[in-house]
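See structure below.
As written, the chain order gives the labels A, B, C and D, with residue 1 at the start of each chain.
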Amino acid sequence: MSGFPDRLLAGYDRFMHGRYEEERDRYRDLAEKGQKPQTLIIACCDSRAAPETIFNSGPGELFVIRNVANLVPPYAPDGEFHSTSAALEFAVQSLRVRHIVVMGHGRCGGIAAALDPNAEPLSPGDFIGRWMSLLTPVSSEIQQSTMLTAGERQTALERISIRNSLSNLRTFPCVKILEDKGKLDLHGAWFDISSGELWVMDEATGDFSRPGR
Amino acid sequence: MSGFPDRLLAGYDRFMHGRYEEERDRYRDLAEKGQKPQTLIIACCDSRAAPETIFNSGPGELFVIRNVANLVPPYAPDGEFHSTSAALEFAVQSLRVRHIVVMGHGRCGGIAAALDPNAEPLSPGDFIGRWMSLLTPVSSEIQQSTMLTAGERQTALERISIRNSLSNLRTFPCVKILEDKGKLDLHGAWFDISSGELWVMDEATGDFSRPGR
Amino acid sequence: MSGFPDRLLAGYDRFMHGRYEEERDRYRDLAEKGQKPQTLIIACCDSRAAPETIFNSGPGELFVIRNVANLVPPYAPDGEFHSTSAALEFAVQSLRVRHIVVMGHGRCGGIAAALDPNAEPLSPGDFIGRWMSLLTPVSSEIQQSTMLTAGERQTALERISIRNSLSNLRTFPCVKILEDKGKLDLHGAWFDISSGELWVMDEATGDFSRPGR
Amino acid sequence: MSGFPDRLLAGYDRFMHGRYEEERDRYRDLAEKGQKPQTLIIACCDSRAAPETIFNSGPGELFVIRNVANLVPPYAPDGEFHSTSAALEFAVQSLRVRHIVVMGHGRCGGIAAALDPNAEPLSPGDFIGRWMSLLTPVSSEIQQSTMLTAGERQTALERISIRNSLSNLRTFPCVKILEDKGKLDLHGAWFDISSGELWVMDEATGDFSRPGR
């Protein structure tokens, strides 16, 4: 009756007779009372780095923004449409999340594009080029590095970008105020697709390491 | 070493000793060869409607954009930062996805805000208000309806918004051209959080119904 | 009878009644026939990174140079005394080792000194300052980085230094010729004192990763 | 992923699942607080005479210089690169070690070369020849001896060389001053590869004997 992808319908079927059946009450409860997630995660669109999978989280736990390279633009109340800022505002002001996690990952295509000096626009609109140009202020140093390998430049910018997004988050008055009041915590994380390792940012130093190592 | 939320670390631990362990080879392969997802899903940030959960999908399957109310803005090559358009461009032009699914859901807070005539800005920047104003061209009629119940107005706009996003998708030349060539299919879907039901849009009529019913 | 440190005498006693007793024949054999190590390791003097411990190796296996920060100076046949070059020459030309491993490690004091812009000479001779100046050609970029954290600068230079030592090794004709003939392999490795992890350099890319990840 | 020697990887595996596992806390502590070794050992590169093995010492105990024939050159603040002097300076001035041990061993190839009147340069650079010429002032008498056997000449020069290195150590102002203040002790030791015996030098007479015999 519809050209809806079979694979998705099959997956939905597994959900319906699996997880949903087990968590029926939880879903109904969440529908009735509304969501109250503790955490906003800003993650990448990448098909290999879904937050719900990596954190094995259930319905109602994570409010999730996903854009290319998990970027947060700086605060710009200019009356334009700001997808990420709108979702951020909704999570912080309306849902009152307690934590914001910016989660990057290895082999990020957006970061690779930002590092590629010969990157061609993908279309006349060059939306991806414009979007990644949000990193220009922090990417040029690494892009010009002659000492780091290509792989090291990629990882370095992935992490610099997370720190940069965290600083941009703090340019939003609502974030700054709540963080200063101790009502909101900001965190950075980086996921290694190949090894499955999660690296967590130390708030004090900005360094990434594996918890418990 | 960091105040990273325990709940997330515990969930990650379940992932690492569960799904990752089972799918180690798949992750390594995806890391090495890169992602090649068949489907782009544009979904809502809502914590109750994660596409990977609803479609029980594994790593590498879904390229996911998540913004408030799963909106797609119209094509606007104005040199501004466009999060959604950038991710769309990347998925279509670089990853060459075969399907785009716009998935809405019931009890959407963004849609509710768009319908609320007395909605107050959540902050001076009013990012959410601006973002939801993308729906103004199609929401006013429903907002003013005196015949539909509040619940009916909500569901109606959730579905109108999906059809609106699909039309906006077709304003992007790269989408229009590939769809006309039969190389890209567009789909609509709507998830009922309470019942767990997935409603799929009929491409011909725009009606939503449950597959196989 | 002598002020020789008790701790060392006690440790020697454990060796004599432990490992030596088990490997008596091996020691006698090695004494008689001489050493024939397969591997030269150039490691740091650091008390936390002994190659024999990290590689759990026995007598006769590793020919070991240890200097501050495991540096190899470039080939300089100037008639001066060159401790590292002499040992390198002996290992390659006389012992005919099959492998050379340059092994760095985390938290290296020498590397930290090389990165510290305000490092004071430790003595009028400033031997350590001179020695670490071997890295000046490759350290300035990282030292001036404003995007990397202190921890990231340290790790980056530790790895850059390993790659630099490997290039310097190739300035020695005897190394270059044997490597070109396929009779000598050069490798890089980095040891994380805290986690005990060994990171191995990929010869093709220069990137470091954990074997099997 | 890399041609890193299997034998080393296997040994590392034994370390990781053996010693490291037992001493995890010690390694973490040493990483966090830094090293504070009590002893600097100047030993030979020889694969049969690793100090950590002979003294059965653990992480953090021994700061180790290893060069051919465990030589210490005389103090020469000439602005050149001095590997051994730099490490010595670092151990004494920065780490403030309490003991310096010069440890020689039997069947030392470097000493043998220094005694061989027909020794050929191993390469045009003749680095080993230059390095061993540090012994010329003390080796010629033994080299020309007609009364000692070849074996006696070898052992004699091995021990003379240790005493010579100890005198050279005292030409370094930082060593001399701290020794005079009673804050630093110098020791000589000689290891017999065949019998596994450790011979310790009597500070007063310069004689070597086995402790407790």
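Criterion: a contact is a pair of C-beta atoms (placed from the backbone, for glycine too) under 8 Å apart; a residue touches a chain by one contact, two chains touch by 3 or more.
Because the structure is predicted, anything quoted here is derived from the model rather than measured.
S.K.: Which chains are shared contacts of chain B and chain C?
M.R.: Neighbours common to chain B and chain C are A.
S.K.: Distance between chain A and chain B based on Cα centroids, please, to the nearest Å.
M.R.: The computed centroid separation for chain A versus chain B comes out at 15 Å.
S.K.: Could you give the separation in Å between the centres of chain B and chain D, each centre being the mean of its C-alpha atoms?
M.R.: Centre-to-centre distance between chain B and chain D: 67 Å.
S.K.: How many angstrom lie between the CA centroids of chain A and chain D, rounded to a whole number?
M.R.: 53
S.K.: Hunt down the residues of chain B that sit against at least two other chains at once, touch-wise.
M.R.: Counting only residues that touch two or more other chains, chain B contributes none.
S.K.: Chain contact graph: line, ring, star, complete or other?
M.R.: The chain contacts form an open line.
S.K.: What are all the chain pairs that meet the touch criterion?
M.R.: Pairs flagged as touching, ordered by label: A-B, A-C, C-D.
S.K.: Taking the complex as given, what residues does chain D use to touch chain C?
M.R.: Residue positions touching the partner: 1-5, 7-9, 11-12, 14-16, 18-20, 24, 27-28, 30-32, 34-35, 37-39, 45-48, 50, 52-68, 71, 73, 75, 77, 79-91, 93-94, 99, 101, 106-107, 109-110, 122-128, 130-134, 172-174, 185, 187, 189, 192-194, 196, 198, 200-203, 209, 211-212.
S.K.: Can you check the complex and tell me which residues of chain C touch chain A?
M.R.: 138, 141-142, 145-152, 156, 159-160, 192, 194-195, 197, 205-207, 210, 213
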